[in-house]
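Going by the order they are written in, the chains are A, B and C; count residues from 1 in each one.
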Amino acid sequence: MSAPQHTLAELAARFDLQLRGDATRVIAGVGTLESAVAEQLAFLANPHYRPQLASTRAGAVVLRAADAQACPGACLVAADPYVAFARIAALFEPSTPPTPGIHSSAAVAASAVVAADASVGPCCVIGEGARVDAGAVLGPHCIVGERCHVGAQANLVARVTLVRDVTLGKRVLVHPGAVLGADGFGLAFDKSAADQGAWIKVPQLGGVRIGDDCEIGANTTIDRGAIGDTVLEEDVRLDNQIQIAHNVRIGAHTAMAGCAAVAGSAKIGRYCLIGGGAGILGHLEIADHVTVTARALVTHSIRAAGEYSSGVPLQENPQWRRNAARFKHLDELARRLQALEKKDAKP
Amino acid sequence: MSAPQHTLAELAARFDLQLRGDATRVIAGVGTLESAVAEQLAFLANPHYRPQLASTRAGAVVLRAADAQACPGACLVAADPYVAFARIAALFEPSTPPTPGIHSSAAVAASAVVAADASVGPCCVIGEGARVDAGAVLGPHCIVGERCHVGAQANLVARVTLVRDVTLGKRVLVHPGAVLGADGFGLAFDKSAADQGAWIKVPQLGGVRIGDDCEIGANTTIDRGAIGDTVLEEDVRLDNQIQIAHNVRIGAHTAMAGCAAVAGSAKIGRYCLIGGGAGILGHLEIADHVTVTARALVTHSIRAAGEYSSGVPLQENPQWRRNAARFKHLDELARRLQALEKKDAKP
Amino acid sequence: MSAPQHTLAELAARFDLQLRGDATRVIAGVGTLESAVAEQLAFLANPHYRPQLASTRAGAVVLRAADAQACPGACLVAADPYVAFARIAALFEPSTPPTPGIHSSAAVAASAVVAADASVGPCCVIGEGARVDAGAVLGPHCIVGERCHVGAQANLVARVTLVRDVTLGKRVLVHPGAVLGADGFGLAFDKSAADQGAWIKVPQLGGVRIGDDCEIGANTTIDRGAIGDTVLEEDVRLDNQIQIAHNVRIGAHTAMAGCAAVAGSAKIGRYCLIGGGAGILGHLEIADHVTVTARALVTHSIRAAGEYSSGVPLQENPQWRRNAARFKHLDELARRLQALEKKDAKP
């Protein structure tokens, strides 16, 4: 694999950016303002890093027009430098073109349909009634269960499990260890059973539908619906180790950071940002354009766009202990304050 | 696969329910009160959904006697409609009967014993001294390590890892990505090592024992004991992405929702309900019939049945910021209130 | 497999411990003070368990000199009994020596280099340019992606995924389900896209570097860097289900308990202890020798060694509800107190 190379002139033309500086300079990779060397492209999007611009040794920098003058070398001017950088950086991604065809160690059911140019890696298992569309790539050890459908150009990096009745849209990207379509957690408590009662499993009869351009992180789990489907609309982005319970619906373009969790039948709007480790209880609704900060727990529906939080601040342990102990008596504290106020208000 | 069909008369007889309405009506699936069509059965258990009863188009509804009169069509009367529905819905679960026998791509150790009617799927690996009992199903990519024992009729859906010395009871159901029997997190800090000290691994010599009828969710992890076993008694139900550390013991019929975590050597009682994302610190004991709400952190033993919580409520970020900042001085606030009270109490 | 046996004389000599009691006694395993029988060795490190010493039936006990007199039977005296016990217990770990060589079902790329004495288990997949060094063990179902490097004597227990550009040092131990080197969660929001905008993926071009003697728990995920690498220095110990985002750096000898999570580009010092379920936000720095207690959320950099916490205590639900409701008005409460104080201060 020889690294790809592009002149600044090529990059400017291809991504419709304004070039300032040496058009013949060759770029062979990307770096940060701090780390990039002469053959690398850096970017300045977050103003926090502006002080690093003057001393960068990057061959060129993608930046806003307002920052161009301060750039010591060549630059590519973009309205949104981070978006432009993301597009350019994709040129330098190391990639081995997948081999079309089905690896000899894969087990494909008789009724499964795999497009001729799809790539099915070592030890993949494809179940009855499954479909893998044109250009889809299944890395090693993927399981595509009964009646699952992998959309065109979808990419299951490795070791992805689609249990059954899971539909992935076009260009969906799924990272290793993700499990889609496992049973939702449905239990009925049978009081009449022996002992003091026992659990009965509620059959999980629905599926999972993932819209076009979604991304699902490593070891993330998305359960299939109890009745009806669990749904991610298009362009939903899930980080690692996220848990999505049965019959959840997530609106288009919503992004959730690592370890977030959504309980059964919650409905999340479009363009939401859910912070790392945030939790959303079951059967709630969250409006469009809602931001939930890291580790917040959403315990009621959110009807208006905005930013929502919960939790208490980090402190050194001895101070925290004292404050936490007082929390246990906060209601009493408030009542005592009220009593004082009342007395004080008396003439 | 043609969908199964049952008349209401058949369902009433089979599940010992009282039928009101057309006994010859054919049911071919289930739905919600809102979504069900004429060939489908719905149910009304949660009073929250009672308003939907009048307008349901379901072919029949499972409900309590008290709701029967308000039902526009046929109904099946049950003392516990959710339990009855769960049982009926199981008839409509799509299922491909597993093929008995060992897939040609599976690797089975010489000393392993696999029942003749067990099913071992593609790429399964079964280690020395392992045992797979009658009727057990190992879906694709399961690993059953040395000296593990899979009980009769147990079902490892796919990609389940039993590392070693793991015993599963009868009818245990394990979902993809679950890892049972990995090393517990045991470390001793050796101050005498180079640098300022280093970790020494404490060998994890125990196993994992899972009782009959337990269910283990996708990507859940249950470590083996350090000395002695990690134990789940019968009918314990674990959702996805739960972490159970070494030497934990969970009492029969306890259910834990997604992302809950239990630290080493904690003992949880019978019939407990542990909410999503709840945490239980190590070496604690929790009595029977304890409910821990979502995300609560249990930091001390719980001796009495009841419901326990921690956390602070969700708010819009600006309000939350102000309140959270005050939390850092809650102890001081309480002292100031006390001082005022003292002054006020003086004659 | 016959269990190993050692006399107390052998153990004392081998681990340089002082022996009191019958040197010929044969030890064939380990147990707790409470459970150990005559052929087993127990230990007393935590003073909490001292009351169990008098009644132990263990064949011998590893303990401090100060506890030796109270021991009813033989004992091995150690400066650090837990460290000594960990070393001795390793003798009794059941272990099947791995078979050197590559299992017939493994798929090894043409350009991969696997040491002759390394062991590659069933269904392993090794990608182009990968390297597996001397004495390394890959249990069943491991995936070692392109340009990954597994150090000498490293042990991938089973079903470990190294996606690409992942380097493991010597003696690194990785448990099942761990995913190293998946894409970091890098997204740029393109406002100019159709609808009200859409996400663009930011290519993740870096790798993962894991130092010597690290341990990575089951279903833990460590993403590769966006630009540059995600790094764990030597002897870092991660429990299960931990999430490490792109470009995080963790200092040597730091240990993190289950379900902890670290957001992008955070830098954690050496010899830190991060409690179970703790969270660390992105781009923060944490000094050496910092302890973060279970479930705390670190929202700002920590410059000084010490113990840090957040959260509120567990209570019975009715009390907790009342206190939590007051938290929503804590700022107002503080202002009202201030107002009273002001009035009170007036002459």
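Criterion: a contact is a pair of C-beta atoms (placed from the backbone, for glycine too) under 8 Å apart; a residue touches a chain by one contact, two chains touch by 3 or more.
Keep in mind that what you see is a predicted model, and the values were worked out from it rather than measured.
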item	value
Rotation angle superposing chain A onto its copy chain C by C-alpha atoms, nearest 5 degrees	120
Copy pair chain A, chain B: interface residue numbering same or different (half cut)	different
Intercentroid distance (Cα basis), chain B paired with chain A, Å	25
Shared interface positions of chain B, touching two or more other chains	105, 123, 141, 159, 177, 219, 241, 259, 311-313, 315, 325, 327, 329-330, 333, 337, 340
Touching residues (chain side chain C, partner chain A) in the complex	105, 107, 123, 125, 128, 141, 143, 145-147, 159, 161, 163-165, 177, 179, 182-183, 185-192, 195-203, 205, 219, 221, 223, 227-228, 241, 243, 245, 259, 261, 263, 279, 281, 291, 293, 296-300, 306-313, 315, 319, 322-323, 325-327, 329-330, 333, 336-337, 340, 343
For the chain C and chain B complex, residues of the former touching the latter	29-32, 35, 79-80, 82-83, 85-87, 89-90, 92-94, 96, 103, 105, 121-123, 140-141, 157-159, 173, 175-177, 213, 215, 217-219, 235, 237, 239-241, 252-253, 255, 257-259, 271, 276-277, 294-295, 311-317, 320-321, 324-325, 327-331, 333-334, 337, 340-341, 344
